[in-house]
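Heads up, the next two complexes both have chain A, just with different partners, chain B and then chain C.
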Partner chain A sequence: MNTFFQLLISALLVSSLYTLVAVGFTMYVGVINLANFSHGDTCVMGTFLLMPLFLFATKMGWMTPLAGLVIPALIILVILVTGLWGAGIYKILVKPLLVAPRLILLLASVAAGQVIREAIRVIYPNGSNPQVFPKLLPSGGIELSGLTLGYDSLTIIFLTIACIISLNFIIQRTKMGLAMRAVSQNSDVSQIMGINIEKTIISVFILGSALAGLAGILNGTYYGIAKFNLGSNLGIKGFSAAVIGGLGDFQGAIIGGVLLGFIEVFASAYIPNGSQYQDVFSFLAVIAFLIFRPSGILGEKIFEKV
Partner chain B sequence: MSKKLVLVMLAILIAATLVGCGTAKPAEKQTVKIGFIGPLSGGGAAVGIGAKNSFQLKVDEVLADGTYPYNIVVVYEDDASDPATGVAAATKIASDPDVVAAATHWNSPVGLATVDIFHKYGVAQVFWGTIHRDIIYGNDYKEPVRVIPTSEQSMELAAEYAVKFDRMEWVIINDTTDYGTKIRDEFTTSLEKRGGKVLEAIGVTVGQQDFSAVITRVKELNPEGIFYAGVTTEAAGVRIQSVKMGLTDVIFMGPPGIQSDTFGEITQADAEGTFVSGTFDVNSSEAGKAFVAAYNAKYTEPFEQNGPYAYDSAAIILEALKAVGPDRTKIVDYILSHTFKGVIGDIQWDEYGQNGVGGLTMYVNQDQKWVKFEDSEYASGVRTFPWVK
Partner chain C sequence: MLEVNAINVKYGKSIVLQDVSLSIQQGEIVTILGPNGSGKTTLVRSIVGLTPITSGEVNFFGQKLNHLKSHQIVAKGIVVVPEGRGIFPKLSVEDNLRTGYIFLENDRDVMLEKIQDAYTRFPILGQRRNQLAGTLSGGEQTMLAVSRAMMRKPKLLLMDEPSLGLSPKLVQQTFNIIQELHQAGTSILLIEQNAVKALAICDRGYILQKGKVVLNGPKQLLISDERVHKAYFAME
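What follows is the complex of A and B.
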């Protein structure tokens, strides 16, 4: 029983990290029907932006008295920078290609991801090697009859839930969210109705990339290791979660992320020799969904009119 | 043509030749290429660059006084710890007719993939890294020799220490590469031979980030020791996450694959008191200390665990080249039939080309550095192990 609960916590944590990536991923698909494959690398960009900032803050001696203030400030700074990066990507890459077939844009996003990855490898000192990521969250945890509840895991799960709630609020209750939903349903009609399409899309890019930055930081701080090439794996996992939940569907991405995390953790634990095949299980799930329910759990069924 | 004219012309010719003799420069030294392959990028780059520097250091030392009969050009290639990249690099080096011998690889899967290539081209391949048995014993090639000890020898030492610390029940977490599974099997054999028991071996993949399910399983099994059969990055991940999940009273040990300073850098305080059944200790001999001094005078990157072996590989290749000239076959025969004096001690091949000695050493992590166990504050009793119950 104990083991089961321990796995449950692990699964929740992995799910949280996947969900954060998947939600960003699905927003691009929802609004401009683009699978943005640079999303995972944007996460890693967040990871690698935070490390030098943290070192700098430590060197300046800000950490000892003010860690509780400086760390959130650094995280917010990185989120802002990755958000700006999202806006930049839109201006430089997406806007000129918006009228081109989506496949072109998809390829461009793959290239953008590659640029981030190689830039980190080349620019960051000793960038090819795994790096130490600072511990931003309180270490230690609560011991409950053999069960370890790490403060860092709890913080990450809590932060993810908070992010999702506020994002849901933005999408459901604000004017910008309304515009996003309208554009995602029919961008031509939205334009006729007076919605500023460009502003809407750019806000999606800012939000999505900011989320990616946060996901990268949380991923780094939990595992304690930062690798320049982690982005492809994170991106694919986020994409898979979005596919399972229903591409383009916000709630679907959450369900997909949670499901993917649970499949990975429980399959590695309960299937003999499962750990070495944990990626296999999650991708098998993706394939199963693609065959039996291609629109995902919450995605709408698309009827093609003949 | 008259006889006289012919004689005059002949005389001029001879004279010219004689004059030529007087002014001719001494013969140019022939330029010979030797190869070096290692992980110069990717996860193993630190080790690869340390080995590359050490190799170059020996070459520079040998060439320094100008008496060496050849100009040496070292061709450096990157295998990125990846068999496919390694095969491409090996083919590039071995197919270059000017290359007479090469020192190669840190990763066993890469070595397994390239022995056939060097054999095909008949180029001597001196391994400064890799510990998989089959690289040397899995074929009857004369080209590969290995300066570094095998994983079998290394795992025997690991098992000896398991017994010494009275930790008989272990869980092995291994990566699923050839290296990881081989280490797993050899540690199991060595431990069981001594009456120990492996409760379970759990496979993980290289690049895996989350080990929570694995560690939960380990907690359930309640072992006395965790042996990580793999390389640094994942070992560090396993260590960090197992401490996080409360597995602090368990001894943690790994093979030479985790004997990198990076392990301590990443795991920080969690590294304290972990073990690696590792390779040669440079501080155990005068030659070793001299190597360290020469290296540090020239390079800032650490030479990592394989530096001394790469240094000796260069010595072997250069000695053979000097003795028999730039002839691939003769160099292969010379290397296999001679013993060499290296910084790691006397290098002596068995009939397959495996070096016997090589200073296998048990290290403990003390303040994020691997320290020879006998010299550590743990052995002297100043510190107590975090895992002592």
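What follows is the complex of A and C.
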């Protein structure tokens, strides 16, 4: 029974990480119909931004007395920087290509991801090799009848839920969110309702990239390791979760992320030799969805217009 | 108030509008009639900046609109009921109404008041306020589009075939609302295929054919013109 609960917790953790990536991924699809394949690499950018900052703070001796303040501050700093990166990507890459066919923008996003990946490899000391990610979250945990709930795990799950709730609030209850939902449905009509679509799209890029930054940090803390090329895998997982839930659908991305996490963890635990094939299970699920229900769980059926 | 001076619009090599000029004075209803493909919708789109103009200019109260973005143009006091109603199908009825106000004005109380006005005028919208607008019937969607247009007090209202695809009763209702808005002092540019109804309520009109204005003048002149008569009233 205990193994089952341990598995449940790690499934929740993996789900949290995937959901965070998927929610960002699906926002781009929802609002400007773009599969942004640099999203995973933006996450890794967050991972690799945090490490030198952490080392610096440790060197300055801020960590021992003030870790509880400094670490959140560092995380916020990284989120701000990746958010800024999102704005930059919009200005440099997306805006000039907005009128081009979306496929071109998609390829451009693949290129942007490549730039991040190679930049990390070249700039970061010994960047081609895996790096040890610092322990950011408190160790220890709560013991519940032989079951350990680590504080770090709880923090990751809690932060993910907090992010999703605030994002949902932004989308459903604020003027900016209304603009995003309107632009996603009809950008011409949105403009004549007075929506500044450029401002709306740039907010999507800032929000999405900021979210990616946090996802990267949490991913690093969970696995304790940082690799320059983790982004493509992470991006594809986010994409897969978004596809399973229904591309462009916010709630769909959450469902997809959770489902993907559970499939991966439980399949690799209960299928003999499964852990070697962890990725295979999730991609099989995606392929099954693409074949049998390409619009995803929540996505509407795509009708051929006559 | 609105002056369109000799605008040309091209899509690639094909000319959609050729030297189109028109003007609207304060308080007027001006109609633009023309068959499908005559460039009526393109005309609306170029006035609000959704379709770029190749040459010519559009002035609103003496200000040139040519190089402004659409959201800046409508902020000057233009409200549009776009072709095909342009409601947001996956937003609730109430959110659709909000989009007509919130991006250009700031007074929350006024917004809530206007929303209530819409529900008083069309109780069915009030009953369906939380329903997705895409689930409304065609007539209800028109009510929503018109109500959304009335959320702000426009200086100029552009309506692109508001009566298209409506039952005769709803057409009448829509035209009643247009007249009501006109009596309240709104200037209206009405694009229509329903020439009988449009000519009945307008002050002046323009006939557009293959991207050119072939005739313009006060409504009596248009009604008595033989070509107009042949094209639009022959069946009556």
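Things to note:
We take it that the second predicted complex is superposed on the first by the 306 of 306 C-alpha atoms of A that agree within 3 Å, B and C clash if a C-alpha of one lies under 4 Å from a C-alpha of the other, contacts with A are read in each partner's own complex, and residues count from 1 in each chain.
We adopt the following convention: a contact is a pair of C-beta atoms (placed from the backbone, for glycine too) under 8 Å apart; a residue touches a chain by one contact, two chains touch by 3 or more.
It should be emphasised that the depicted structure is a prediction, and the values quoted were computed from it without experimental measurement.
With the two structures aligned on chain A, chain B fits next to chain C without clashing. Of the two partner chains placed around the shared chain by superposition, chain B is the only one that A:Y223 touches, whereas chain C remains out of contact.
Number of chain A residues touched is higher for B, counting chain B against chain C. Of the two partner chains, chain C is the only one touched by A:L178; chain B is not.
Touch criterion met: A:D188 reaches chain C, while chain B stays clear of it.
In the superposition on chain A, A:K59 makes contact with neither chain B nor chain C.
In the overlay built on the shared chain, the residue A:N196 is in contact with chain C alone; chain B does not reach it. When the two complexes are laid on top of each other via chain A, the two nearest Cα atoms from chain B and chain C are 38 angstrom apart. Touching chain A in their complex are the following residues of chain C: 45, 48-50, 69-71, 74-75, 80, 82, 86-91, 95, 98-100, 102-104, 148.
By the touch criterion given at the top, residues 3, 6-7, 10, 13-14, 121, 126, 128-132, 139, 141, 143, 148, 150, 152, 219, 223-225, 227, 230, 233, 264-266, 268-269, 273-276, 278-279 of chain A touch chain B in their complex. Every residue of chain B that touches chain A in the complex is listed here, in rising order: 41-43, 45-46, 176, 202-205, 207-214, 216-217, 219-220, 232-233, 236-237, 240-241, 244-246, 262, 265-268. Interface of chain A with chain C (complex): residues 175, 178-179, 181-182, 185-186, 188-197.
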